[in-house]
Every structure is written in structure tokens, then in C-alpha cells.
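Each chain carries a letter (A, B, C and D) given by its place in the written order, and its residues are counted from 1.
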């Protein structure tokens, strides 16, 4: 019987493997190092795979890869897990990719692996969330943490006229960028908006349903609550639904970071006031473009700007700036379809 | 002689572990054929390095499952120990070595909490460790308020997780050490014998004068200590300690143990089976990257492999039952196999 | 009294929490937030009912979270194709029952240990769904929301349906032969066989029922919002198991009531909002939940130890 | 003569490689009590499990009132009017007595309503009929073994069955309950029910049965009317050889006092004020009804439920025994009553079972020494004549008597001063029984103090040098070894002469 078991497994594996060989198609082996005539392999690492935000980045990255004729690898942990990111980067090092573009879940943790990659002659850039500066050449900066934090705080102050209680819902208590954004929001509020009061910070585990439950509890617990600010994308529709169910539309405002597609309905209904985000597809596109330019040598440390298919982007230090985040609201949300 | 040795060979070949070894080898060869860099020494060292923590948890999960118990809290305990280690090193100013020793002690203490609830109050391990699963992670989050991370460890400490020593990744030496100790404990000492006796029949073991409670306590405390060790290695490998370390590792460990042929009901199982189970999962995870398959496929295949292994275990029995039922009346009792 | 000691003690703990809230955070008692809370927990209650049956039958199912997600997404995809709402609901229940039947076949048919089987199916379904959806939300047509009712009546319908289901199941487990079969099989499967029952069939059907309830719960969740998160249901199995165990169902099968499960779920469901209302920082939540589970079992352990002597 | 109620022809059944039945013929008529006799492992349990549908035969036919039935399941057997009292009560420990009886007796759809009041009333009626004083709302787990047996009997009675099978129903019943059971059986016979009665106690068979069939090695050796056969002939048929003497002679030469109890008690187990002395080389029989506190006393001495009153002295030193390990280290050995659950670990090999209590002695420093283990096991296998395929055979593959020997070997290996035997021959066939008796005798001769607990009165009388009688948790009398059955019984029942 065990033989049957072995056999079945072999078939299973061979089936999977055979398919993969076809998938690779004309692209040459990933081991092909350097530039000269060989197809460049770009490895794109999201914080986690099953996340609409990164799927949108990937769509842009794929477009860029097609336009530039490079091979794109997209892989990441299925759930946010810092150790898994390191593992994947190390896998890519052995795989011999040409350039790694990483969105870092854990700054210090992943830098270890990225430095190792650099040591092996692999170019490294980061996007979305940065690593330690010495672990990468460039950071494709969609918006600085200050930019996001301050932007949200400003938007909140604008909507509330600088007065009122605010609650924050974030992904997890342990995610690094969430904590950073939160810090900047708090700094900005402390400095500029004494009338705003951050009364609670609750995690939603990156789940829409949990965000809805948390928001419901917040609405009950803080009767004077004026706004729920969500700094992870599933939380925005979750909080909006909670506000809608509680019948507090208009009384409690909802803002946050999120994708237009997930929030269109609530924004139109007036439950969600504004959603902030950059063009995620562009982020993916620019990241791949910059990565390829770095390998080809057309982008070098010290450059002041980077010109690509999407236009010219300013480089500030070693940050390639994508531009300011957009604020989506009732008036403009239909113009965006990601 | 030949008859005897042939039947011995046959029983060896039919062993679960042997089948699993074939699976691992086939996996390896298969991926080696597809991924040009898969077979390199570097990559194989990567596989080893990435597997050490889960491997350690699986190793100590084996005696626990042998006694018929389970420990869902090891992953959370890994997270708790990682930040306790960081705290001791950074805030209490201990050297990494001293901090490590104290962390091992704290791991033992946490394991002791499980152990005392299970042995003194005779509560089901599943429930107790379900509680401590939340508790340990919760305490870790509460201590760090989620955000606090510990980094900038000295290079001498990171050597443990990132460098090689005598040709092997440093942590492999520790892993091998633990593996040998657990193997000897389970297969060559009276402790392992009593674990199995308890797994088969806790009452029977008690009536035989075996110290059931202290043996049970031992396996859970051991799990605590080894989870702490895994936490230290994890910290050294990543160069940082955070409250979310080791999330979900308990399920990986349990999967590996069961895949390795250990019965979830207790009594039956081997440590080398567990090592093969860990290897099967680790090679699959790494190999699929080299085969450029989506990561989700690794999870799906692991689930399928687990079900297949379990079904293969009962298939002969079911086959025999089916055959005897369908060949019942015409011929006299069918020949035994 | 002693027979229902566990249910009563959990109820006592719940009253304590509620009393503390009444004193320190009376704002907890407002009709609309409470209704919202009840609506959020209604699907969990349905899953916990099924889990209670499974555990009374001396099995366990840790794949419900993944089943929940599969049913939710399938229901969402069907609804997006303009399938009538009633059909969507039936399909969700049917898909749940089918997934339950797969578990049941492996567990009752091949006699494999349920914890391992459902561990495998949990991982498999979850990853398959990830592979298929890549994390993208499913957008639903408007009419599916609140099952086409208005929002306020929709909420009441969901809560009432969950409670009615609990009451019906609670009575059935006591007063219908099939319910007693589940207890009988959970307490001793071989004795049940010798008494003329078919324990494997009972186990199989329990898993199918669990799956169907998961599908129903998924539908109740889908009806609450205009989008389906493919990650929904993550951790649902632990929540359900915790409610069942805190509610006094013995993990070794054969003992426990659905009333206890109801009280256990209420207690656990109140903890998180209670902490929010008491302005406790979120960092402590997991630790407190763990402590409640431990306290419940420790109290039970101490009590049974006393009566043992 | 009408067609027999039940007719079995050439039934055969194998488990894995072992052939449990090799062609058994058996018939049962309405209104008779047909005893089934055979050594353990002769196939009796398999046979009745086939009749109740719990097992499917490999070949052969089952005919009920002239109709051949195939594919019998427990549910079908139940419908056909076959009821069975199993040796190990097949009850639901977490459910109440009323529900246990209800679940057994209520056929019908799974969707029907459960009538709790009818269940209760029926339980009261049936239990009253057999004179059992058990409240119907109590959970079965709270009942003692004999009480559970009574619930089983009530179930069989209530089934209104045409065929009732009883597998050693009296093994744990008190005298009074036995008499009630016998009258129930006689009443059943009068009502035209066919009863298959299995027992190891020959005197019961002669008192109750009309016919007797002997099984040996999975085959029926012969059937005879009870009136036409005597005890010796039956034993000859069972074992296939002549049994000369059932109880080996005692050679009482008691030495020093090994165990001395003064007013020992334990509240939780209902034992109080027990005083006794056991000397080296003496077999001290402990008689009494089931529930009199004998097993409970043994559990106190072995540290399973430690004493909370009185003094225990072992070989002159006063000590407290708080755990089995401690008892073991002090030289106390306990061969428990329930050997499948407590006596041996069924899944583990014979050798590992035998060394389980002597880990510390033969495995220095906790390292396993397989050679030493094997030789110890081979020694005991030879010494106690354990029938098994070798030291590596799982204990579960052995017959009951041989399992008991393995359990005994485990404790002899500890080289104890005091050996407590709790019902050592219950459910053990005649051949193995007399072998165990000889072993016990030999051990006493070698200077061991033996405390023998048994509900088998002839065994107590035949084996003991002195007899202690317990009643209601305390020692009521200590009688000399040559006391007669009447004296022991009246002490056990608390009658004053």
C-alpha cells in the first residue's frame, strides 16, 4: 500500500513540475547572471501575497516586465510572517535572480537577508516599506511614513475642524509600518491639532470582519467618537459597514488607507469620507522599471532623477519618489479602477 | 536464514518511515531536475537553516504526541521567549549567552505551567495548550505593546543563526544535538518506553508503577525549553526579536510529526519519522520556489500529502476487511496474508 | 444543580462581566451597538453550535474557518452572477455540507483521526482559496445585503435566526432520538454499535451537519456587507472551540449542552468589546482571552478532582 | 419437534491470521437454557458476537426459526429478538441509567421524539423486576461494576427477546443478586425464551442449564444434556485432558509478619478501620461480596488511593504509601482485577510489559538494554509457561489467561515481599486457572506474602491459609484456612449465627 502512496505522490509532483516547465516558456534560465543579452530576472517580494494592495502592485509590475522584456518572479508569504520573507529572499539568492525588489515587513529582520543578496552581487531595491539603508540601493518611495501619517492627520483635522475623538484601527500590533504610521499620526496630532484626541488603537488582524467587530465596539464604547481612522486596507470597508449598521453615518466619519475598488460603494453612500492611496499599479511599474535600470546600469546611486515610461521621478537621496498620495472622495473615486 | 532475513527486509520496506524516505528522495530528485540551482550546497544549507526552528518544535512535539497529548502553545511560546530574550539582552544588560540561558529557564517555566495544569489537575492537553496558546502570545504582545522590536545584536550572537561553523550552518549543530538527545530519549531510554506506555494506556502505566505525572511533566517542560532554544535561534537568524515570531509554527510541527508516522492517539511513532516528515515539508516548500510554483501550492500539497500518508496507513486494513467481506461465503476462510 | 454546574458557573462569570460593565462602562448597554454586536456574533454562534455537536460526538473540526471562507467566497461569486438570493443561500449550505462530507468520509469512512484530517483540509482549502482569489474581495450586488430586507430588520432576522437555530438544536439534542445518538456515540462508539446504532454514520452526518451550519453561517456573514473578504473565517475554529469548551462541553465527548455553549460564546464575545469599553489597551486582549479559557478549565478540573476523591 | 429457535452450521471466522472459529455447530430451542463452555480463546465470545451481529462470519450459516439470515448487524439482531449481556458491560458511561436502557430498547426512526418519562418508568420497572436498587437518573459512570451488570441484565430483560445471551453474567454479582438472576433466567425459560448461558462456574451450569455445548480451539467438541454428564467429564472435554486436582495443597509455614495494618481507612473509597496481618509464606485470602471494599483496600495498599487513617507497617517499618511507585519501591506488588485496562498494555510486546515495573533495576541509568530485557522475558515465559509466539508478541494477541501471567510476571520481576492478587482467575479458563494456582502456591512456599482477593468462594477456600472477610468497607472476621463455605458466607453477609 505504501507503494501506492509513493506512486501517487510522484505523479502529483511530476504533474506539478511538468506544468512549471511549460510556464517558464521561452525565458532563459534564471541563473543567467548579469546583462549581456540574457533575460533579466526581477524578483518582487510583497509583504503578503493574498492582499489586494500587492495584487494591484503586481499588475503594474507585470506590465512593466512585459514592456521591458524581463522575467518577473512574484512571491511572498501567504500570511505576514517576517521569517518567511527572509526565507524567500534566500531562496532567490540561490536561484540567482538579478535584482530583488522587496516590500519589507520587518526592517531589521529582512535586511540581514538583503545584505547577503548584495554580497552575492544581486541588486536590491525596496518599495512600499523600506529596509535598513545599507541593505538596498534605492527605495521606491510611494509616500514617506511622515507623508502618510501627516496626510491622514491633516485630513482628519480638516474633516473634524480640528475637534473631536478619533480611534485608530490598524492591521496588527506587531506590523512595523503600521506602528510607524501610527507614530507619525500621533506626532502630528500632538504638534498641530490639540483639539483631536486619539482615544483608542485596536488591531483587526488584517481581516475585514474583525475590523467591523472592533469598529462596532468602538462606537459603543466611545459615544463621543467622531472618526475612525483605518491604516490598513481591509479595515476601511469594515469600519464603514459598522458605522452604517450603527446608524451613525455622518456622525462618525471614516477615513483610511485603502483601494478605491474596495471602498467605492461606501464613499458614494457618504459613509466613508476619504480614502488615501497612491497609484499602486504605478508603484509596481516604477519598481520594476527602476530595478531593471539598476541592473542595466542606467540608474546609479547619486542620480537626481529617474525617467521611465511613466514620466520623470525625482530622486531624493536614495529615495525614488512616486509622488504624493491621492485622496479619493465622492468626487473623484470613479476615475480610478484599482 | 534467507526466509527470515527476507521477511525482515520486507517489513523494513513496508515501514512508514521507508515510504517517507522514498518520498523525500523523489521530491528532491524531482526538484533537482527542474530547478538548476536547487541541488546546490548553498540551497540545501538554506533548506536546513530555514527548517531548524520548526524542526526543533517537531522534535519535541514527538514525545508529547507519543504520550497521547498535544501542545498548541509552542509557536506562541517561541514568540514569547524571543522577546524575553531580547528584553534580557537589551534592557537587563545581560550578555547574549547569559540572556540565552535565562530564556531557556523561562521556557522551562512556561512549559511547567502547561505541565502542571495537565498533570496536577488532569486537564486535557488540547484545552490547556489552547489557553496558553493565547496567553503566551498575549503576554508577548503586552510586554512589547506590539511594536517593540529588539535588533542590533552583536555579530558574535548572529553567528549562531547566519554563519557556518565547521562547514555546516551553525544552528545545525544545535539541531543535530537536540535531535540526537530526543532520539536517544525516545528510543533508547526508559523515558521513551514510559511515554509510549502512557500513550497506549495511561491507567495501565499508572498501575505498572510508572511515574506518569513526572513523565508527562517532563515532555511539556522539555517542549518549553526547546521552544526557547528555537526562539534564540530564530532571533539569531533574523537578527531581530518580535512578538509575532513563530506564529502558526505549532501546526507545522504537528503536521510534520503526524506525517512522520506518529499516531495522534499516542503510543506509536519514531523520532526519525518526524525528521523525515520535517524534511518532506521543507523540501517541498523550498523546491516549489525553484520550480516557480506559487507558494500556496506548498500548503495544498502538504495537506494532500498528510491525507495520503494517513490513508496509506489504513488502506491495507480496509482492503483486507473489504476482501474478507466479499469473498465470504463460497470458499472457506480466506488465507491469511 | 451539580448536573448543570458548569453552565451555571459560566453564566455566573458572564453576569460578573456584565455587572462590571454596568458599573464602570454603562455605555455598553445601548440597544443599537448591542444589536450590532449580536449580529456580528450570530454566525459564530451557528458555527459554535455545530462544533458542539462535533465535540460531543468525540471529534473535532479545525477546518471550519477555511470552510467558512470557501462558502463565503462561493456564495459571493454566485451572487455576483445574479443568482437569486435563496439559491445563493442554499448553495452556500450545500457547499458547506459537501466539504463536511469530505471530512466525514475521511474520518468515519477511513477512520482517520479527526484532528489530523481537519488540519489537512484546513490548510488545503485555505491555500486553494488564496491561490484562486489572490486576496481580492468579491463585490456583491446590493440586493444580497440583509437578504434584501432593510438594514434594521435584516439585523434582527440574522440574530433571531441564530438564536432560533440554537433553541431548536438545543431541544433536538435533548428530545429527538438523533440528538441522543450523538451523545451515545460520543460517550462510547462501540457500545453504540452493539446497541444497534451506526456510529460511523452518526459521525459522518455530524460532520456534514457541521459543514452545512458553516455554510449557513457564511451566508449570514455575507449578507452583512457588500464585499466578501476571502480571508474571512481566519481563526473562527479557535473561537468556536473555545466557546464550546468554556461552555462546558467535555473534549472527551458525550457531555455538555448547547445552552452552555451559548453562555460560553456570550462570555467570550463580550470580552473584546468589554475591554474596549473599559478602555483597556488592546495589547492585553489575547492574554485575557487565554486566561479565561484556562480559568474555565481549571475551575472544572478542581471541581472534578474534588468529586473524584 | 419444532424447528430450533437458532441453528448455527459450520461457522468460521478469522481475525488477521488467527482462526477464532473453525466450523462450529450449535442449536438452541425455545424454552431451554443452553450453556456454552470452553477455555478462554476457545471461541465463545466470537461465537456470540456473530449471533448478535457484532461480527460477520467468514463462512457458515445462521438459521433463525428455519429461516437463513445473512448479513446480520446489531440493529438487525435486535429486530429479530436477540439480546445479549456482554461480559464487559457495553453501556454509555456519560448517560443516565434510564437513557442507557432506553437507547437499547427503543427502535425506530432517528427523528422520533424521546419520551423521558417513559424511559424513566421503564427503567424503574425493569430494575425492580431484577431487584436492583439503582436510581434511574444516575449516570452509569457512577455505578460499580456489578451495578452496571445489573443494568445490562435489565436491558436484556426489557428487550422482550426470544433469544437472550448471557456472557458470564454472574462474574461480579453478589450471592443475592445471583439468585435473583437465576430466577429471572428460569422465568425467561418458562416464557419460551431460549437462553445461551456462558460461565466458567460449573456449579452454575449444573444448577441452571438444560444442555451444554463445549467449544475447544474454535470447534464444537460436543453437546450433551446436563443431566447426562458430570463435572469431570465436562472438564475433560474442555481441556482435552484429565484434570486431576484443582487446588494444590497448602503447606503453611508462615514466617515473619510482612504486612501489618492497624485501623487503616480512606474516606474517599469507603474503607475504614481495617486491621490485619499477613506473614511471609502465607496466602491470606480476602473474601467478601463485590463492593465490600476488598479492591479498595488493595488500592490503598498500592498507593492508588492513599490511606488517610490508621497505620501501615511493612516488614516492621511504619510507612505511608502515597503512590504506586512508592508501593513498588517498598516491595508491594499488585496484580489488578481489570487486566486489559490495568494489568497489561495490550499494544506493547510481552517483554516490554514484563519489564515495565522494573525499569530502574534492569535498565541502569535509564538506558534500555534489550538483551537483558529479552532474557528476563524468556525466563518468565518459560517459568510461568506463557503461551505466546515470543517476547516480541503484543500482549493483546495473547489469551486472557496468558495476559494474566504476563501481568503476574511483571510483578514477580520486582521481587516483592507482598503480592496482592485481585481476582487473578476471573475470566480465565480452567487450565490456566489451575496453573495460576500452582504458581501462587509455589511463590508462597518461596517465602512471599500473598494477599488473594477473590469472589470465587472455592478458590478462596482452596487456596488460603487464612481468610479475612470484608463487609461494608471493613474487616468483619478472620477465619482459619479450613473454614467452611457457610462460615465465610455468613460473615460476608453479616449474619450472626
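The rule we apply is simple: contacts are C-beta pairs under 8 Å (C-beta built on N, C-alpha and C of every residue); 3 or more make two chains touch, one makes a residue touch a chain.
These numbers come from a predicted model, not from an experiment.
J.: Determine, using the mean of C-alpha atoms as each chain's centre, which chain is farthest from subunit A.
T.: If we average the C-alpha coordinates per chain, D ends up farthest from subunit A.
J.: With contacts counted as defined, which of the two, B-C or C-D, has more C-beta pairs across the interface?
T.: When C-D is set beside B-C, the one with more contacts is B-C.
J.: Counting in whole Å, what is the centre-to-centre distance of subunit A and subunit D, each centre being its mean C-alpha position?
T.: 71
J.: In angstrom, rounded to a whole number, how far apart do the mean CA points of subunit B and subunit C lie?
T.: So the centroids are 29 Å from each other.
J.: Distance from the CA centroid of subunit C to that of subunit D, rounded to the nearest Å?
T.: 45
J.: Round to the nearest whole Å and give the separation of the Cα centres of subunit A and subunit C.
T.: Going by mean C-alpha positions, subunit A sits 33 Å from subunit C.
J.: What are the residue numbers in subunit A that touch two or more other chains?
T.: 49, 78, 173, 203
J.: On subunit B, where are the residues touching two or more other chains?
T.: In subunit B, residues 141, 145-146, 294, 296-297, 299, 304, 311 touch at least two other chains, as defined above.
J.: Residues touching two or more other chains, restricted to subunit D: which are they?
T.: Residues: none.
J.: Throw together a list of every chain pair that touches.
T.: A-B, A-C, B-C, B-D, C-D
J.: Subunit C touches which residues of subunit A in the complex?
T.: Touching subunit C from subunit A are residues 48-52, 54-55, 78, 173, 199-203, 205-209, 212-214, 216-221, 223, 234, 237-238, 241-242, 244-247, 261-262, 265.
J.: State the interface residues of subunit D toward subunit C in the complex, per the touch definition above.
T.: These residues of subunit D touch subunit C: 52, 54, 73-75, 77-78, 84, 86, 90-95, 99, 102-104, 106-114, 116, 268.
J.: Within the complex, which stretch of subunit C touches subunit B?
T.: For subunit C paired with subunit B, touching residues are 60, 106, 110-113, 115-117, 119-124, 126-128, 130-131, 238, 241-242, 245, 251-252, 281, 283-291, 293-294, 297-298, 300-302, 304-305.
J.: Where on subunit D does subunit B make contact in their complex?
T.: 12-14, 16-19, 22, 56-59, 304, 323-325, 327-328, 334, 336, 341-348, 352, 356-357, 359-360, 363, 366-368, 410, 414
J.: Quick one: which bits of subunit A touch subunit B in the complex? Just the residue numbers, please.
T.: 1-6, 8-10, 12-14, 16-17, 20-21, 23-24, 29-31, 49, 73, 75-83, 86-88, 90-96, 106, 108-109, 111-112, 116, 172-174, 176, 179, 203
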